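Heads up: the structure comes next, in structure tokens.
So that you can tell them apart, the chains are marked A, B and C in the order they are listed, and the count of residues begins at 1 in each.
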Amino acid sequence: MGILALVLLVVYFLPLTVFARHILVLTLFYAFMGTGWNLMCGYAGRLSLGHAAFVAVGAYTSLLLFSHFSLTPWIGMIAGGLVAVVVMMLIAYPSFRFGLIGPYFTLASIAVAEIVHYLLIYGRDLTGGSLGMSLPYVKETTIINSLINLQFDGKEPYYLVILGFWLVGLLVTWKMERTRYYLEAIREDQDAAAALGISVNKNLIIAACISAFMVAIGGTFYVQYFRYIDPYSIAGFTLSLNMALVAVIGGSGTLFGPTIGAFLLIPLTEILRMTLGAQIPGLHLFLYGILLVVCIIFLPKGIASLPGIIRAKKAKNDQKPENQASKGVL
Amino acid sequence: MAEKILAIENICKSFGGLLATNDVSFNVNKGEILGIIGPNGAGKSTVFNLITGFYPIDSGSITYKDQRIDGLTPDKICHLGITRTFQVAKPFPGLTIADNILVACLPKAAKVSDARAKVDEVLKIVSLDKKADVLGADLTTLERKRLELGKALATNPEILLLDEVMTGLKPKEMDDMMDLIRELKKTKTIVIVEHVMRVIMNISDRIIVLDHGQKIAEGLPKEIAENNAVIEAYLGRGAKKDA
Amino acid sequence: MLLQIIASGLLLGGIYALVSVGLNLIFGVIKIVNLAHGDFLMMAMYGTFFLYTVQGINPYVSTLIIFPAFVLIGVLIFRLIIKPLLGKAETEVNTIIATAGLGFVLQNLALMLWKSDFRAIETNLTGKSYEFAGIMLSAGRTWAFVVCVAVAVLLYYILMKTKVGTHVRAVSQDTEAATLMGINVNKIYTLTFAFGIALVGLAGVILTPTFYVYPTVGLYFNTMAFIIVVLGGLGSFTGALIGGLIIGLIESFAGVMASAELAQVFSLLIFLIILFVRPQGIMGKSARV
């Protein structure tokens, strides 16, 4: 992890084009979002296709606080994260309490995102409705000023910010080693986990809340970077799906899965969009969808599972049993 | 005089209109092996589910070492020192055997590394140390049963509730499993639900018999084997005259 | 006024029910969530649109083309995408993601081929209404409602009275037992999936004269169809009908009383509550999965 972070820090000093920097920012953004999504949906196996709800809550909270009270987005994102946690509790508690699993949980998550979506449109006096909201531009005067307002004229500072977010996200996930094991056990068999002394609801709710908090903070970053949000882009199904996709393609329930997925998918989509998007709108997403379906069919556990599959094949060929105890998922 | 460690008093449980457990009372003494037998549908597994909190009881009380445990959730009951196995073994299929055991060690370990240090020891007890890297989904019936027992042991319980650990095993495998259970008895109290009479009569210190959710007999294995009500429950109402 | 709202609500509900019947069938029997459901609807609507504008084929007649075509598409999609995922670890999650990806593919295919324009056709029913005891009924929607009732009756007959229907019900209740009884589960799955897709194709045909067609029209109907399926109960066709009617009524009333967005929020909240307290739906009898 440290080496990877170092490499990415070195990348910062490379003379890259604006487009390349943009791709890097987006990639890290989705790596971070996927890491947040992964905590609840990958490790605990509760597939949410409505995580955009929490992104939107985070984004709108910090944006509203900034435009009405000039509150720095740094505090705004904490506030947004907390509101997202509250929203998550409203849905997570009854979901886990009533034992909503499998497709039922997924449908509930989609419904929550839809509700947030419609409420954002309905509250047009505050949120601008489906026309969306722009981030009030503050002219860059001093570095301190830019930092406080989390607004920069170039892409480079955003790169550093999202690199930091992503690192913290990975670190948080990594530090939760015990919880990760519990969540995996709960995913595999809830009753068996409970019988072994694992509190199912407590661990699920912890995972759900941290997950919501993380993607809500990502929402604030989205606002600051794109300077414009609307309900369709930030509470819509596509964003929810994208968070899930980077994690699933990379390998959900593994520490680096979402990051691997993001580094593979996002540059690919963006380059496809650049080269094909102008001539034939939709072609890049069409190819993206096909890639996804093929990946799910042939590599359902994601790219992170490849080494394991290769090792298993090798072990079968060699006929040598490995007696080494597993060192856990890392 | 044996020391009472678990007291089940007048517990009832019904599902819909069906009375699955009807006013059942019994004690478990420290260090004994208590066998629970009964025909299919007698409510044996239900009793386990009630003791370990998977279902709430409708009435009655369950007391473990002077503490009421009815109403507690399964994980809390496990923390107090009562662990059960499941009739249909429940390995975590996507985790390796070592991780299966690790997960079971974790709740009572102060640090993850402490739990990890314990894994090998547990694997050896249930003879799965050569299978540490195999996935839970890829085990044979015997290995599944062993893993199920291993996971329960990893929680370091005082009372171990074993639900049909012999089902599906070959006679030789059963003998191994019986040896293992006898070994465990040295440090633990064991309650065992079992279909295989040879096993239960052999290893139990005491036996209680359930039929239609009620306790119909309690005693030493020898007494149970000669008990008319038990024979009747197993062989049907007409059997009494011939017996 | 009140009667008018109820009547429009019922007609809308009938259409929703028709849209959700195919989803219900697939969800109830194969136990998979087809997130591309609405996008198949969209494809059928485009099909109808072009059959009318290019070939001059009346929308109601194009059923004869769309329905069999969608049976074939259904078989193909099942063989290529769904079947490889069945019976493996995490089937539920993977089929959800695969069908979401499929939906993505279909939406963008439509965008590539036909741009994001809103399209509508005018038939001799467009704009017409029937007046019945002072209540105005949109002609297109009335016919859609009639078709919906006919489909429901036919489906009920097939499921309850024919041998294939019995097999489908057996598979839906217990796959293993059905296999033991010599039922070819794979065949039933293929049949169910193909038929479910064809039914949503039919719904697309019926909708085209009264709704706009655009690449993401499926998303709107998708949510609605899921709400109705869960509301009415999995595998319960009466439930789907009742669920459709309830949602139609809610939308109709809330549309008049409050705003369109609040109507949606209200439907979704009811959906969540039903999911929590009664996941088997109002009419469903199967236990929690």
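The definition used in the following text is that a contact is a pair of C-beta atoms (placed from the backbone, for glycine too) under 8 Å apart; a residue touches a chain by one contact, two chains touch by 3 or more.
Predicted model, so just to flag it, every value in this text is computed and none were measured.
Engineer: Centre-to-centre on C-alpha atoms, which chain is most distant from chain C?
Structural biologist: Using the mean of the C-alpha atoms as each chain's centre, the farthest one from chain C is B.
Engineer: Need the central chain here, defined by C-alpha centroid distance to the all-chain C-alpha centroid.
Structural biologist: Smallest offset from the overall C-alpha mean is found for A.
Engineer: Report the inter-chain centroid distance for chain A and chain B in whole angstrom, where each centroid is the mean of the CA atoms.
Structural biologist: The separation of the two C-alpha centroids amounts to 43 Å.
Engineer: Between chain B and chain C, what is the separation of their C-alpha centroids in Å?
Structural biologist: Using C-alpha averages as centres, the distance is 48 Å.
Engineer: Cα centroid separation between chain A and chain C, in whole Å?
Structural biologist: 31
Engineer: Listing for chain C: what residues touch at least two other chains?
Structural biologist: 89, in rising order.
Engineer: Check each residue of chain A and list the ones that touch at least two other chains.
Structural biologist: none
Engineer: Do you know which chain B residues sit against two or more other chains?
Structural biologist: 93-94
Engineer: Using the touch definition up top, name the residues of chain A that touch chain C in the complex.
Structural biologist: That would be residues 45, 47, 49, 91, 94-95, 98-104, 106-108, 110-112, 114-115, 118-119, 121-122, 237, 241, 244-245, 248, 280-283, 285-286, 288-290, 292-293, 296-297, 300-301 of chain A.
Engineer: Under the definition above, what is the set of chain C residues touching chain A in their complex?
Structural biologist: 27, 32-33, 35, 81, 84-85, 88-90, 92-94, 96-98, 100-105, 107-112, 115-116, 215, 219, 223, 226-227, 230, 259, 261-262, 264-265, 268-269, 271-272, 275-277, 279, 288-289
Engineer: Can you list the residues on chain A that touch chain B in the complex?
Structural biologist: Those residues of chain A that touch chain B are 177-178, 181-182, 184-185, 187-189, 191-200, 321-326, 328.
Engineer: So in the complex, which bits of chain B are touching chain A?
Structural biologist: Touch list, chain B to chain A: 52, 54, 73-76, 78-79, 83-84, 86, 90-96, 98-99, 102-104, 106-108, 112, 116, 119-120, 129-130, 132-133, 136, 151-152, 154-155.
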